[in-house]
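Have a look at the structure below before the remarks.
Which chain is which? They are A, B, C, D, E and F, in the order written, and residues in each are numbered from 1.
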Amino acid sequence: MKFPRSILVAATAAIAFGAAHAADPGYFTKYDGMRMSRNGAGVLLVEMNTQGGPIKFSAREHEQFVDAFYDIGRDRGNKVVILTGAGGQWMGDIDFASFGNVADPDVWSKVHDEGTQIVENIANIRVPMICAVEGKAWVHTEYCLLANVIVAGNGATFHDAPHFAGGIVPGDGIFTTWSYRVGPTRAEAMLLAPKPLSAATAKEWGAVTEVVPDGRATSRAYEIAADYLKKPEVTLRNTRIHFVQPLKQALVQQTGYGLSLEGASASALVKSFNASK
Amino acid sequence: MKFPRSILVAATAAIAFGAAHAADPGYFTKYDGMRMSRNGAGVLLVEMNTQGGPIKFSAREHEQFVDAFYDIGRDRGNKVVILTGAGGQWMGDIDFASFGNVADPDVWSKVHDEGTQIVENIANIRVPMICAVEGKAWVHTEYCLLANVIVAGNGATFHDAPHFAGGIVPGDGIFTTWSYRVGPTRAEAMLLAPKPLSAATAKEWGAVTEVVPDGRATSRAYEIAADYLKKPEVTLRNTRIHFVQPLKQALVQQTGYGLSLEGASASALVKSFNASK
Amino acid sequence: MKFPRSILVAATAAIAFGAAHAADPGYFTKYDGMRMSRNGAGVLLVEMNTQGGPIKFSAREHEQFVDAFYDIGRDRGNKVVILTGAGGQWMGDIDFASFGNVADPDVWSKVHDEGTQIVENIANIRVPMICAVEGKAWVHTEYCLLANVIVAGNGATFHDAPHFAGGIVPGDGIFTTWSYRVGPTRAEAMLLAPKPLSAATAKEWGAVTEVVPDGRATSRAYEIAADYLKKPEVTLRNTRIHFVQPLKQALVQQTGYGLSLEGASASALVKSFNASK
Amino acid sequence: MKFPRSILVAATAAIAFGAAHAADPGYFTKYDGMRMSRNGAGVLLVEMNTQGGPIKFSAREHEQFVDAFYDIGRDRGNKVVILTGAGGQWMGDIDFASFGNVADPDVWSKVHDEGTQIVENIANIRVPMICAVEGKAWVHTEYCLLANVIVAGNGATFHDAPHFAGGIVPGDGIFTTWSYRVGPTRAEAMLLAPKPLSAATAKEWGAVTEVVPDGRATSRAYEIAADYLKKPEVTLRNTRIHFVQPLKQALVQQTGYGLSLEGASASALVKSFNASK
Amino acid sequence: MKFPRSILVAATAAIAFGAAHAADPGYFTKYDGMRMSRNGAGVLLVEMNTQGGPIKFSAREHEQFVDAFYDIGRDRGNKVVILTGAGGQWMGDIDFASFGNVADPDVWSKVHDEGTQIVENIANIRVPMICAVEGKAWVHTEYCLLANVIVAGNGATFHDAPHFAGGIVPGDGIFTTWSYRVGPTRAEAMLLAPKPLSAATAKEWGAVTEVVPDGRATSRAYEIAADYLKKPEVTLRNTRIHFVQPLKQALVQQTGYGLSLEGASASALVKSFNASK
Amino acid sequence: MKFPRSILVAATAAIAFGAAHAADPGYFTKYDGMRMSRNGAGVLLVEMNTQGGPIKFSAREHEQFVDAFYDIGRDRGNKVVILTGAGGQWMGDIDFASFGNVADPDVWSKVHDEGTQIVENIANIRVPMICAVEGKAWVHTEYCLLANVIVAGNGATFHDAPHFAGGIVPGDGIFTTWSYRVGPTRAEAMLLAPKPLSAATAKEWGAVTEVVPDGRATSRAYEIAADYLKKPEVTLRNTRIHFVQPLKQALVQQTGYGLSLEGASASALVKSFNASK
């Protein structure tokens, strides 16, 4: 058998490469809606926040989080990722007005493109991901359900505040992820009659893995992460890849269309509002 | 940029069209197995019945319901659909003999074609759908599980009377829908050892959304419908479209084959019966 | 083995049912955009037309054809279906303005729902389908590509006049069907730089099965249909079902989203038009 | 209509064929890791064992079971299949070293090919399959979850001993089947923090159909099998085919990749082990 | 990091296993419809034949080839597989009567099960596969199209003799494979109006890779095989796995249903024949 | 109807946001393997190069291009993207040794993760993409085939130099994209017997849209881009999204596994090389 000389070189001299990306985590401070810190073992803690307190999700975060999750996923220095909130809330509020006139096709085009990209970018975080929930998880819980396990404080509540309650389609991946995690019937009922769901019920339904005393979610997540870190890095990465693949495929198939349907409903909402003025 | 003149006209003069379909709901009285009535808000009540009493499903209904569900889906005058039975029973009985000689390939061809079409037509009802169950839901519960939410009277029972118990494959969508709603293990066990399932168990498994006192299922469905109607029509339509899409795709993929497998088993049943004469 | 008595009856007395649907083809004259006639062998000729001449497709046809194709598919009296135009044209023109203000979410919701339903209804015509093309096939050629074979007159041309040329996304199934029939690269190139395609080229690409002298497409289609009719009816129906299934699944997956993307582009087109006034 | 003479012969004289395969079940004694016996009704009991006692799964079984399950599936003499263990254990132990150097690409290629084939071969057993669990089901429970129903002794426990606990990806179908049977969240949590799961919990989660007193699982399986046997053989075969199809498709899509990801993790494990020597 | 002792053993002492399967190719002489021989390099030549001459495919082969292809796929001693015919014909004839009464559900159940299994078993041959065609390839060409490349003698012809021409649905994988290889339009037209297709046309359509002088197909296949053998075995196996995966998934999804539809058409054919007696 | 106040604000005051991303195209100069420039109309020209001359693809580009394509896709200032090479070559050479020891699981893990991400990032460029080919397109042509149209100089050649010719599986998306564009048979034959393919043949097969005189590919691409720019931006974006979706889904499904299979083959290649030393 005759192979190119290059193989010879490659096989006998393993050349280090790729360290660069991990070496400069400049993105840690790039997105003001996410405070990021990483311990020596490579556990990245991502705290979603607004000026240090509970995050109020706005169009700004909708744009920035796309890239933030991408940067997290691309950085091989991250070995496990913990996603949480700040100020005792995972994410309780949204500034809907910040999105501008959602009936404008150019505005919604941006929402559509970012929305489809953001869930793919989280699915492409190729290390175990733990969601640590305290207080309200009332907005964009699909980010949380893309984690492998969810640890919730006893008083945590899950809810879909912005969609059907606000008059628009829950089309951004929230149905896809809840349906995947708790089955479609519970997902449909919950999204059509949205009200806060207790951590205990979420656990009974299988969405939450562990319920801990309030304030303990993140520390418990660190313990779980420490357990994971006993395994080889390739094992961690490839287990995540294997586990997330069916959900990723479902999101790739359903989210774009869902956001388009949501955009049309937002346009109809604006129309009905204008008509009622 | 230069666009055809037609765009100009279209954009400046929104011309009403399509009202016709909604204006003449002649199909309300076309199918004797379904009594239909619609309130002023657009909530269509569909009561499956046989001469006003509990429905006994026969080949006649198998043919007619295909078109009935199609007409319901096509009528934009319907804003929410409630599917229920009559005489205190959702659907408790079937007249198997009415289908004729199911070993005849021409007979089964019709069953196959109608059976695949009927579940697609229900999936294509593009407004929220509520199933209100009283008494026995022992036949064709897949129609019910295609609704977004199910409200059941306390004494309601779910069952698959006609298939495995009768010696044929549960291939008409009943496995696909139960598997989708309660998971495949419970669906398989239930269909292989069919016996009535209580409303409470169905709720525990996640198939039923609410259990109400007997006789209250339809009125509760109206209350839920009224809540939905506070949202823009496009929101209602597009939410249904988004939610039903994965189940629709599963049915399109699985039901035709399932009915073919069921047809072969029906033919084998007739053969074994003839052999035992 | 013990089976219900009903089986006994069924197996020994094959009861005729279902003839009703075929007996009353009232839909033949229901849709003025389609002239329908059926010969004694069950070959249905569908001539799309506007007052007997070449059809100018409008919102009226968009609504009516949904139901027309459904009725055709449901009528077991149809053994083979030939789809053609009138006045020497398959379909050459569209009245875009008739759709009204396509930036209105309620208007587009109707377009979306009809558009997804129409291609599914054609896919659900469960007998062999032949498309006979004369003259221009410039609009909604996806109806034609849903046939099993296409016979084209020598001077026939294929084109996508209404979409990219008019400033909107080719999202109604035209990409899905052309991609399925001639491969995605040719489909993309053709739809992004739309111009008439000769019958010869369409045949070379594999989309057209036979090219015949102008004016002979329909008579040739009848000859092909006559050949098919030598086979049992179940063979004809099931061959169609088997052949169309992959395309049907692709359409179910892609068309709704495609139409939503097209709707957003139509809204942007209106916006840009208004801005340029 | 004119058909080939062969049809005439075939239709008037049903010729027996294919009995051969069932007539010579030589494979019953071919695989020393499986003791097989079949009662007069066609119920095949498969007892996985090592020299009559609890099975210790090794590379030898990994190779042989591929063919064993294939032979079981191909033998039309089998009407129902019961899969169980021996010595009071379903499968509690694995001899990982027997697989050799899993970092060797030729070694893993064999593991990959056998591993993808084995789950497909079980899925292709086209008769109802019952898994009877006693004691530990700690290894390769995906074989068990490919059954239609699972009967477990009260003291039975489910576990994934060899994968994440051992430092490698749970990629051989164990995630796919558990995710299918109990939902992905419970599957992910269980596989990432593997510990024995009681029969009661497995039943609560829907994976186990019945819990019986210890030592009674197989006899209960025989009772269930006897119930099934009252139905025509085609009904049994086709019901299995219909029910297993979605899981089979998921396994065909996910298992090969899963095993490749697992192989890379095994290689990394060996590397880290060598590095720590 | 602490790993089980077993890893240590495994990583330091690569134990040979699995040679057994390759060592005893007893299946070479097990199936009289296939003459098998393997050269020193591991190229297996499979000559389908009837008593040494051109094969006449019958129910016997339908049963035996399932297992023959399985054995070929399982034998790691095979490095490349060449599939050809004998007596100057690839496969020109079929003994339809040998299948017995295809209207009998038990008979067709066997055809269905074997038919779905056979194409999966060919797809699971995990080494490059070359089809060498001489003379008529008129029956079961899907076996040939499952190869990676096809070499055809100049006078070879491709045809589907048994299905639509005989009055039944081309549902056994022949549509799926031809559609995959030459596009659905050509596949549909060819299967609905079956007539011999020249090697040149098959090459123009992309189904045939090389046309060689008559009688040279097998020797050319050996040359191609020799080229492949310069690559590592894992490369050969994994390239095949990667290339065949989309077709395998299509076959798993479509063939069972296709065969059920074909079975119903066979039953209708028998019925129409009996009626015309 | 009562909606949150936020809607009111949003609907009446369209707030500009998101301009930031487009405003600072710092990534234009970030990746030394890509020279980027954008004209006033928003057409981005991407010239892959090595120090201004023909690009020699190395591990450095494999890492950087992932992010480069991501940045291109995220920048809404890009209206059309042209991908080309430099120095008269699209991409003719690869530095295989730069990847290091591909048998090391940590090294290949990085290759796998980058390789799956890179094709997804190109698929997520949500504006029309034109590939302009001059000279050799011998490496990573899947990047090119992810464009909507390909313009090739008359002397351009397409080839897969690094995979099967070098002894490894063509698993990085090259099979998936070629199979999608020219059909699987031609793709398999070409990848198993790799040699340069002329632009004319690539056009005949449908992969190339236009062949132009050498040196004219990029200028022709600009002309095509100018045509596209006459349409609304949402139309351009959504047409790309609609067209690329099936290919994106195929890549998401197939590329990760393909790269894993390729990695195992690379490991086997290194092993065989070491063995032959």
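The definition used in the following text is that contacts are C-beta pairs under 8 Å (C-beta built on N, C-alpha and C of every residue); 3 or more make two chains touch, one makes a residue touch a chain.
Predicted model, so just to flag it, every value in this text is computed and none were measured.
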Using C-alpha centres only, name the chain that sits farthest from subunit A.
E
Between B-E and B-C, name the chain pair that shares the greater number of C-beta pairs in contact.
B-C
With chain centres defined as C-alpha means, what is the inter-centre distance between subunit A and subunit E in Å?
46
Between subunit C and subunit F, what's the gap in Å when you average each chain's C-alpha atoms?
35
Using mean CA coordinates as chain centres, what's the gap between subunit A and subunit C in Å?
42
When centres are defined as mean Cα positions, the distance from subunit A to subunit F in whole Å is 27
Shared-interface residues of subunit D (touching two or more other chains) are 1, 103-106, 109, 167, 182-183, 231-234, 238, 241, 245, 253, 256-257, 261, 264-265, 267-269, 271-272
Touching subunit F in the complex: which residues of subunit A?
1, 3-4, 6-18, 20-21, 59-60, 63, 66-67, 70, 74, 76, 95-107, 109-110, 113, 117, 120, 124, 126, 166-167, 233-234, 237-238, 241, 245, 248-249, 252-253, 256, 269-270, 272-274, 276
Using the touch rule from the top, collect the residues of subunit E that touch subunit B in their complex.
103-106, 108-109, 112, 253, 256-257, 260-261, 263-265, 267-268, 271
Spell out the part of subunit C that touches subunit E in their complex, as residue ranges.
128, 148-150, 180-183, 206-207, 209, 224, 227-228, 231-235, 238-239, 241-243, 245-247
Sites on subunit A touched by subunit B in the complex:
164, 167-171, 175, 179, 182-186, 188-189, 191-193, 205, 250, 254, 257-258, 261-262, 264-265, 267-269, 271-272
